[in-house]
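Shown below is the structure under consideration.
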């Protein structure tokens, strides 16, 4: 299986690209340090000569220069390069967390439902159906302020980590069902298999059966689904920040950069700006989806591409 | 058939009921006090009290919910702003308009956006998908597949502003998207929605391209397709009659889901292009913590989703004779 | 004489009155893991009105051969060498449109599993009528009538009604009947039945087989009957060709092959087949080992890794030298004719009786 | 405009941030109309003063607008629909705009010049701007003859009394509080105790407060002198409501009007059509005209859209002008640069002045050095930037707007005009002297795109000076309720205030009088400075508006420079344009926008 993956060139390349993004996110502070800037400096006030009174960089292409590689953000004039690095960092951090949370939940509930069957199965399935009927995006928007308010009184400054946690929670809440359902199916099928019966007959405790017999067999769907889910969470998170209910200025975030890019200020005066978050995200998502396909093919070659 | 519809609708109602509860509780978790909004400027604790009372916010939540439910079913006349026929979601805190009325006001924009977009992306998406499957392995297939892959990885919140920036703000080829009533001015209606349609459908189409292609290819492996070929049916005939018929199921399924969620409010699209649809209404209602409106939108879009699911399931019966409804 | 045969590899113009003749057919697929030589130098002839039974384990290349005859292989991954002559017309190089004219018309096919082989989306009647409309240029109406008639012929009670049904509303046996009706609707000269009875239970099997025989009487079409079940072959076929790992290992008339089989593999098949009249205490002797991977076929005699009689041949011939299949009644094995006879009569037969 | 003005601003900014994605901001805020020219205008403004007109001045009809001719339809694109039409609920720009055509009050502003810069307060429904014999404690108004509601019923003192009394009813909660406070002689909103249910439960104001001896006479009696009453009564909030036509909450959607136009149809969020009110008699009205046959108002017209349409100037857009919409920041430079647009363009200040409040109720803020440090360090450029650059915002030196008598363009104690990014160095020095480096500043900001933008940048500037800034977002729609809480935990926060009439008496007393510090009141900085208080009392008593203006000006400078409880940020400006066939387009300083009353179709 591993060999088959290695043989798949696109898979390997995209794996490298994805790895690169995670590395960038991980090392953002280091890189920014070497580059000698941070995403918080208000260059519009530090270096007013670079901007007009509306905060638009006066140099062409959003003020790209040897000094500011990716230019300056219209408005307060943050350094785009470092902002993007940190933005990627934030978004990936959140999405990874969400993925882990959902996978764990999916395993827990899916496998339980599938293995125990009967009443447990029935109720878990109903819950899944119910949650699937939710208008997800709407729910996210509506619940973000609520969840935030669970952590801080609306009077105090909302620390960044709270917003992060909130983002993770809301996405997790409506994120785990699909995987859960798949795992339930797989487990259900496995349960009927001889070797499980054998284990049962030999009097192995359920816990052990699940650990030793079932989990190893559901690794494939988990891995495949995981690689599909993560990019979705990335875009969803970005979407929320774009709508203004996720991460907000000055904390850098991919989606929040899109929000900025969609302001008239930018669209009127500085298209260049929107390409940095835009292109980087496309590359990331494409790479990740290709990776996902390769992983799936590697695990179960039967499914036709 | 009828029994099936009845049963499904019943299930839907139950889900909606639960959803309304969740949404209701959700709102009361909100950090903002709606009364504060209504109270306006010369706001005294006394006023606030009074408002809490008027809005019924001083009642225990279960009771409030019960009131909400009864109003919903049989309307109510004890709103200060005036009578409120069923289905009554009450009056918006912010605009003092009837929620149901507001929903109905915003619906046309969303419907126009969705249906228009749907036409675009079904035609383009399925078209390219079929071509790719037909010419499987050729350069055409490869380009379509690759293109679809990249485009489907784009987000409306990138493609939208990009399109606006280029087409509207830089080149001034188009006017800023806006919603005009079809009945009043079809031309304006079309020209105002064209950019949103294109952007929306570009992204959706790419997904349909991929889906149509893969499910067609899957179908072409099917034995009954081989049989048809063995009967001497032409490749085209088999492709369009046998394989296509089989591919419909997954496509219809996804389409139902998409349509449902879009009709419930294409939030990011409407937001990006500033279209006065349900999606934007939703965002507004959250920003103004407008409980009645928020509940209204939530339930409405959930209804849309469920409705489309039912329609899809019903559609199966027509596509696949094996599916028996009841 | 029934089946004229050539030495594998040799290519001599097809016997004039042979209706179908396959010459040195090679079919190979490109797969992820390498090239699979599914059919490797196969030759046989078939005359009108006769039935050729092709026997062999799954993966022996039976089905591939017949799909190739109809040109139903996936051209993207498959390479076909050799020639297939249908009434002298070369099929391997024929254009798609020409093949389409033949399919369902001159040559029809019945598949193993009628459930998956019939489209679930259209009525049985329509699926039967389709080829008739195409090949006979018949009107919708006429074609429908024909479909109903055929359904009647294959013994479907009140066909006019059932024609409007969908396959899933049919029982297994009826589906296969419908399949047959569909195959015979343009009364083809050649009918290829690919394990038509495997998916059915025994009683139905018998009915279907009888049906096929009757219809053959009526239409006088030639049949290629593929199966791994010697029992079925026994009462269907005139001639038998035993295939193993992509090539024929033994051929002859039903009597010759079943009464006095010559190839160890054929013996194996016979052994592994239970019989009503055999001694219940006598154990079944399945063939040891598993069919070879066609990715890397064994050297020499393809069967040697599973063959229990190598030693009798002596030396390393079996491993090094490919045994050839002679013309007429013959088998591809290095054992001498006497060895074959004695081994069969003294060692195999007792176990069968 | 006052409170709701700001409130709307907040709400709108949230709309801008959250709902209309393509929000404010611009290409080049930099290239707006020449500043020196404006400086001169400002200078003139100072001279221009608003007098109280006598009976003669209050006689109708209003002086013809030169070149005006009757007839035609004017279409009016507007962004925001009208949430309120009940005059007592109106306290918001766009609603006040339309109210000018619909509602009449006892007094009103009469433009005495055709450029909308000079005004005088005259009697509208009343025969004059009001007469007082005791320096403003008792005010007597006599109603004109022939004044009617749209239904033809005569307007009597009973209607005036009702209009005043219903101001105390709970459901009237959006309008201005002045008159109520004066009558009840209480600050804040305790005035409601005077008549808790309004006139609706049979209770009425005693003659000792409001006397209506006959059908034509109304007498207001205050405990303290209130020479500004004529100004106050000119506000839409105090326009007349028909007693028998009063439908309480529902009146807000369908009022009984008295002005030259009445509502033919109103589809909230969509459109409104105004047609001539036949029961309006020009002979009774010194300030309004009735040239146009119909106004068709269309809502949800974004600034970009209306600008595009008006610039294109084709079809019905040739006879279109927006009362509310200004030129969107994006097209500002284009419009201002285009000579062809010049005759169709009007530029003016809105009466808003932005300021950062320093919360004096917090111990650390009571150190003047710290406040001075803030004043020096605070960058105001982020604010200007966030709202579209110098074309939309002008860096402010003081708290008296160019539209208010007593404005002094040269006043700039903290050098913001020269150095809008602030002077962290000086600030740091002050902090070090005070030994207060690292002082914690809790910065409450409105949670909108603009709010986030300028607060982050301001914070950055303050931190350079050695402050430890804690930003706290406040939901836009409750922003002002939050910051006007006495025990709010914000050390600094931005508010903007608009004079309710062109006198600093609607700026300084409500904002800086230490005695009006109260829950929900507008002394945001909670400053209680004896000198300010005494000065307020003294100046309030000056009956002559001119003298008063000069005194207010001095007090304003004292507040900004010596008390330092606030730091001025910007004067709000706007540019509006009209279609080529629209006549009488004038930017009226008092209205703070195009004057709808003077419009006609060429």
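A few remarks follow.
By written order: A, B, C and D. Residues from 1 in each chain.
What we mean here is this: a contact is a pair of C-beta atoms (placed from the backbone, for glycine too) under 8 Å apart; a residue touches a chain by one contact, two chains touch by 3 or more.
Composition by chain, UniProt nomenclature: B = ABC transporter permease; C = Peptide ABC transporter ATP-binding protein; D = ABC transporter.
Fair warning: this is a prediction, and the values are worked out from it, not measured in the lab.
Taking chain D (ABC transporter) out of the picture, touching still joins the other chains into one piece.
In terms of C-beta pairs in contact, A-D outnumbers the other of A-D and B-C. Comparing each chain's Cα centroid with the centroid of every protein Cα atom identifies chain B as the most central. Of all the chains, the one whose CA centre sits at the greatest distance from that of chain A is C.
One inter-chain figure worth recording: chain C and chain D (ABC transporter) are separated by 95 Å, centre to centre, where each centre is the mean of the chain's CA atoms. Centre-to-centre spacing of chain A and chain D (ABC transporter) amounts to 47 Å, using the average Cα coordinate of each chain.
If you average the Cα atoms of chain B (ABC transporter permease) and of chain C, the two centres end up 55 Å apart.
The set of chain D (ABC transporter) residues that touch two or more partner chains comprises 18, 21-22, 304, 330, 475.
For chain A, residues that reach two or more other chains under the stated contact definition are 154, 243, 259, 262, 264, 267-268.
Chain C has no residue in contact with two or more other chains. Partner chain A is touched in their complex by these residues of chain D (ABC transporter): 17-18, 21-30, 304, 328-330, 379, 381-382, 384-386, 388-390, 421-422, 442, 447, 449, 452-453, 456-457, 460-461, 470-475, 482, 488-489.
Of all residues in chain B (ABC transporter permease), those touching chain D (ABC transporter) in their complex are 31-33, 36-47, 50, 80-82, 94-97, 102, 105, 164, 169, 175-176, 178, 271-274, 276, 280, 283-284, 287-289. Chain contact summary for the complex, chain D (ABC transporter) toward chain B (ABC transporter permease): residues 3-4, 7, 11, 14-15, 18-22, 81, 83, 91, 170-171, 173-175, 177, 188-190, 192, 249-250, 252, 268-270, 300, 302, 304-305, 308, 330, 475-478, 480-481, 519-520.
Note for the complex: chain A touches chain B (ABC transporter permease) at residues 129-130, 133-139, 141-143, 145-150, 153-154, 231, 235, 238-239, 242-243, 245, 255, 258-259, 261-262, 264, 266-268, 271, 274, 277-278, 281-282, 285-286, 289-290, 304-305.
Looking at the complex, you find that chain B (ABC transporter permease) touches chain A at residues 15, 18-19, 23, 26-27, 29-32, 149-150, 152-155, 157-158, 160-162, 164-166, 168-170, 214, 217-218, 221, 261, 264-265, 267-268, 271-272, 282-283, 286, 289, 294, 297-298, 301-302, 305-306, 309.
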